[in-house]
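Data first, discussion second: the structure below is written as structure tokens.
Chain nomenclature is as follows: A, B, C and D, assigned in order of appearance, with residue numbering initiated at 1 for each chain independently.
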Amino acid sequence: MLPAIPAGVDLAFSKEDEKFRRSLRTWLRKHLPKRHDEIDGGEDLNFEGPAQIAAAKKWQRTMHDAGYVAIDWPKEHGGKAASAVRQTILAEEIVTHRAPGLIGQLGLHMLGPTLIRCGTAAQRKRFLPKILTAEEIWCQGYSEPGSGSDLASLRTKAESDGDDFVVNGQKIWTTTAHFADWMFCLVRTHADAPKHKGISYILIDMKTPGIEVRPLVQMTGQSGFNEVFFTDVRVPRSNLVGELHGGWAVANTTLAHERNMLANPMRTQQLMADLVRLAARRNDNGGKVSRDALVRQRLADLQIRVDMMKYHSWKQLSDEIHGRPASVGGAISKLVTTELNHEICATALDLLGDYGPLVGRSPHAEDRGLWPRDWMFTLGMVIGGGTSQIQKNIIAERVLGLPRGA
Amino acid sequence: MLPAIPAGVDLAFSKEDEKFRRSLRTWLRKHLPKRHDEIDGGEDLNFEGPAQIAAAKKWQRTMHDAGYVAIDWPKEHGGKAASAVRQTILAEEIVTHRAPGLIGQLGLHMLGPTLIRCGTAAQRKRFLPKILTAEEIWCQGYSEPGSGSDLASLRTKAESDGDDFVVNGQKIWTTTAHFADWMFCLVRTHADAPKHKGISYILIDMKTPGIEVRPLVQMTGQSGFNEVFFTDVRVPRSNLVGELHGGWAVANTTLAHERNMLANPMRTQQLMADLVRLAARRNDNGGKVSRDALVRQRLADLQIRVDMMKYHSWKQLSDEIHGRPASVGGAISKLVTTELNHEICATALDLLGDYGPLVGRSPHAEDRGLWPRDWMFTLGMVIGGGTSQIQKNIIAERVLGLPRGA
Amino acid sequence: MDFALNGDQELLAQSARAFLKAEASPSLVRRLWDDPVGHCSDLNAKISEQGWAGLLVPEAHGGLGLGMLDAAVLLTELGRCLAPSPFLSSSVLATSLLSFAGSASQKRSWLPRLASGEILATVAWLEESDRLDPTGTVLRARRARDRFRLSGSKLFVLDAHIADVYLVAARTAAGLGPDGVSLFAIPRGAPGLSLTPLEGFDRTRRLFEIKFDDVVVERDQRIGREGAAWKHLQRMLDVACVAIAAECQGGAEHALEMAVDYAKAREQFGQTIGSFQAVKHMAAECFAEIEPSRALLWYAAQAQETSNKEASRAASMAKARLGEVYARTTNKAVQIHGGIGFTWEHDMHFWFKRAKANEALFGSPAFHRERVAALSGW
Amino acid sequence: MDFALNGDQELLAQSARAFLKAEASPSLVRRLWDDPVGHCSDLNAKISEQGWAGLLVPEAHGGLGLGMLDAAVLLTELGRCLAPSPFLSSSVLATSLLSFAGSASQKRSWLPRLASGEILATVAWLEESDRLDPTGTVLRARRARDRFRLSGSKLFVLDAHIADVYLVAARTAAGLGPDGVSLFAIPRGAPGLSLTPLEGFDRTRRLFEIKFDDVVVERDQRIGREGAAWKHLQRMLDVACVAIAAECQGGAEHALEMAVDYAKAREQFGQTIGSFQAVKHMAAECFAEIEPSRALLWYAAQAQETSNKEASRAASMAKARLGEVYARTTNKAVQIHGGIGFTWEHDMHFWFKRAKANEALFGSPAFHRERVAALSGW
């Protein structure tokens, strides 16, 4: 018998990587909390109350103590300088074991790498350790009500006043702002410069007077996003990251990561596996729903695309590992994956018929109401992080070289 | 038992109209040629050789003698001043009986009404009678290679020289030009005026020296369209219709008709009925293809839209008959109908599997190869007469009031 | 020939729209969202005053004696504003079923009270299998001398918490075919009967589970002939299809209007988003689906007056098509709104949720397409 | 781990593309369109010189001993330019089937000649029912002492007019199940055998009907064991799926490139049509389908080395997906070209036609989705 997939296209992991995976699995089985939903804020990081937040922080600390947090960071900053393969293995196992997400992920994935690349030594020393341990939780202050897709048109302004900036304005869609300790934030420091050129990247202590956080309830009924209002908020000049007016470039170093978070192929596979299980479990007139010819066609069509995006991610990962130029950026993954996730959930609702709309607290709800909630949440992800229309613009202009629109 | 559809929504025709339909049916059954394909050029008016052209002219003359040609024209010009209902009945019966199309339809539907509205008495007297009898066949010279969707950018120019215009340039997609006697044509008579404002509408004798007609073969392998080249073609000034430089308005009086020709709901119903018959006839593993659950879903989905467009056309017709303002123009019908026609044909190919691509001369071809040919031709109709993109622009801007694009 | 609304219907549409704009604004929808009842007795009373409760009731029984096209006109307006109202459950579905199945004396006894709004009724049909074919009706009504005893449960019953009487489909004979299904009128408070709300994401419409624990029913509570209710349920299914299709039509029209209005106002990249061709074409595609579907709806509504195969076929066509069009339109409308359309604060999600719930209610698009195929003789 | 082509494969892709650009230009495609043979012996000879005919033949039999991923790389390039070539019919399908089913001595006798291009072969499988399941193979091979006699007909046989030998699936035992199907190698000129071209709209690929009128076959012409050919045909079906998917990938890439190039050059309303968002998004949607599908193709090709259930599942996935992607892409590409894309004179229609023919060849997308479902154990 030949191996599952032999060399040529080489899908084998090295012995060391396989060992990493095995010990991670062992560790996870041993340390995973009993009920994940008591510790996990879900994809929208919507933690319900201080007890859940405390539990989530503890989980990150446990993960950190075991050496599974920020493994991509350089060793001198507390990371493991792990390869892209190990990062992928970690992400896969986290999803496969349905381990809770990390409460400090915005610090770990967005601010941390930014400070490592653009921060001062003092900033790194001050902030990085507490990101790792979840002692300080970060939120991201980019989007504004008037600048959704058009981020560069943001208007929250920071005016110099002595050694401080004075910040006035409003941010929106601010995940975790209701319990975050700090915010990394894009502000306009030069009103007359062209749109991209007058923006700076600053760090704001959320306890500073003049900050008001209002939860923004989603159509799912959950909060998680917030609006944040700034009225004469004083921020020390030492909290500027990178050059003054140079914040656009600073932010762009980690913007791609946001797209990747939304296009996690493991998450899609998990959702699809749940759908297949649902179809095999539901009965329709004495037979499994999954025996229905129409259902089989829909499931197969979805499964094909789910698997395709898995292989596509392998291809992208391979290019990264082996230092080849990326053939395409994350726009395709963001576009295809978010729409696929929503379609998987919509298919589940269709299979469920009149049971589809029943929410978690209903005893007749399937999968504790996961499907209707995710059906809504996944549409939010089609919109967030750059709508599908924006991704298509990016593909057309940057990849296919078609002219920029008016 | 109640009547099929009782009053309220009133779908009954008047006694006189029903009588018109009955006598038309009787006439058609008696006079229909034995083999339509020997006389009918199809939707692309692609007549094969002089014998077919002569037969087609004879058919129009037979129809005319019986009073069934140009019934919408005023009586003083040889028409019947027939109501929209009668026109619809005529169109329905023509399609239902699969009677050949009229070879002179561009004269009957486009130039005739234009001359009646904008022509001089002399022009009407000279041209209208021979349009009715098919003694003179007309072609339409609007599109140019550089101006497809953007008709107003046309560049064929007509310069004044004494009592003549001198025409130079090129037209394309000119149906029937290879045997037409005359062309109604849009030309640029004022080079410096804004795009729409320097255009005139003139009539060109196709026998004039300097005209070259080259057939343009379609992807179906058939011709029907042509390119027409003009080199110093002299056209008497008396052949100008309407004002000099006022041709845009003249052409627009009948442009809507082109859209309607492409969106004939009867044609769609006929195509759908053919598809249903095909599915009922084909066998798959001992059972009719129409018993397959997937096929039934596709057929039902198509049938629903086909019927919907029929009712939609009734609604539009009713508004016209009763003098109510039209709720929407023909853009929806053009958009939906042409795409629906193409989808019906594509479904037929799918049902036929490996038999799908077989063309008419193959003994294994179904329906004498109609499906693959129409699958191609209907895509041409999605593009022609304003692409689907153009129709969506029209709906967005003129109906929904969204801003005009850049 | 005139394929259009008549003058009275045009008037009904206009007055209903004006009335509902004033009386059933989005703020009412929002206020009732978390309300345990989810209905406004004030609004219900005013709707009865308009005579709408008796719209489908013959004049002889105190109603307006109008038809399904009139009802569709009204339901289009109710669907446009998502008005919380028992009009669908009581005045359309239960009233129709009583008219189809009831004896002359039963109609005399029930219809005037339904027409005046004095009482509300609802239909209890579906069960755990969620199936609309005869196998879905399992609840057994066992005869015990002159009475029947019902045990089992019904699901997805509309407005059961405010209906005074339930029209319950139950089997009076063994088997799973169309024969042996009977109909009973059972008051809400009957001993042995209990209600559980089915919590769903569309809180503009309330559904319930009804449990029957040896509920005793007198013989005269049986509506129509014993074992012969199936064909009446089928005809009511057609009515339900048209009614929900009408709601979908109104809802889709409104959702697109909201999206178009937003696209004209919202600016990004220095221009209104409605000037981007991608947004324009999204809106145009929705409109090109919604506009012709109105003609399909009218045809299906009018065809109900004929009670033949074409009535069922047209009803299923309308339900299949409008259900999908509404769901697609609201999805696009949320996307055109961008992030704000995803918030609770904005009203858009009310329509988005209703659309998906309506798509499933009384049969999925696939169910109705198969029904169209069967009724077409394929 | 490295999910990518290796250096040799990259080289193969580049050299094949350069070679085919020079040797199989659109003008060749156009010239051969109306040619009765539709092949160019010059090109075939050059392709054999490259060693491609022996790509899948083991080195021991004079071939290159490469695998399906290498073949897919080459087929992607052939599909890109629609090169008229018996590579698919002979060097991939017939060669694979011989390798799977043939005895050691049969392989020794046939494979070297196939590898060198000395002879061409093709597979005759489908019949009137156009079915890929066992019921589709009806042609009876009756044993008469040491011989077999075949009567009946085969349809949709690729390149039968230039193949020197046909691998014919026939029933040596009664029944319609997988058992009893045997394989025979029959030379083109065998007495009682006749060919009829199947005229289709895609003239870049020629299909034939073969009629067998009491064709006599010697015992040693039977390939492999009697009655045991079905599993080999199934494995060849997987190879066919990957091969056609590869063609689709190349064709779709090329069609989109043509459309994008045209959109950059063609002006309407005073700007290039590629600056209109509607055109940009059409192109972007195509690209977002085509780019990830390459990874699916590679995976499916590589999975063929395993000959397990995953090989069939991945092959059907690739065939279902790429077939539809190619058809959609060419449809959009024609639309982006506008009227000119509808003309014979422009090359676009070659790809448009090939795409639709490929979608049906060796099983429709629906057929392969059902196969995926079955192999997934649903």
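Here is the rule we go by: contacts are C-beta pairs under 8 Å (C-beta built on N, C-alpha and C of every residue); 3 or more make two chains touch, one makes a residue touch a chain.
Since we're looking at a predicted model, the values are computed, not measured.
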| item | value |
| --- | --- |
| Centroid-based (C-alpha) most distant chain relative to chain A | B |
| Selected pair, greater C-beta contact count between A-D and B-D | A-D |
| Gap in Å, rounded to a whole number, between the CA centres of chain D and chain B | 40 |
| Distance from chain C to chain B - Cα centre to Cα centre, in angstrom | 42 |
| Geometric centre distance via CA averages, chain B-chain A, whole Å | 54 |
| Numbers and ranges of chain B residues touching at least 2 other chains | 293-294, 297, 389, 392, 405-406 |
| Sequence positions of chain D contacting 2 or more other chains | 271, 276-279, 281, 366 |
| Sites on chain C touched by chain B in the complex | 1-6, 9, 67, 69, 260, 263-264, 271-272, 274-275, 277, 279-281, 283-285, 287-288, 291-296, 298-299, 302-303, 305-308, 310, 314, 317, 320-321, 366, 369-370, 372-373, 376, 378 |
| Contact set on chain D toward chain C in their complex | 276-278, 281 |
| Partner chain C, residues of chain B touching it in the complex | 1-6, 8-14, 17, 85, 276, 279-280, 290-291, 293, 296-297, 299-301, 303-305, 307-309, 311-312, 314-315, 317-319, 321-322, 324, 327-328, 332, 335-336, 389, 391-393, 395-397, 399-406 |
| Touching residues (chain side chain A, partner chain B) in the complex | 293-294, 297, 405-406 |
| Of all residues in chain A, those that touch chain C in their complex | 143, 146-150, 153, 172-173, 216-219, 221, 225, 283-285, 294, 346, 349-350, 352-359, 361-365, 372, 375-376, 379-380, 382-384, 387-389, 392, 405-406 |
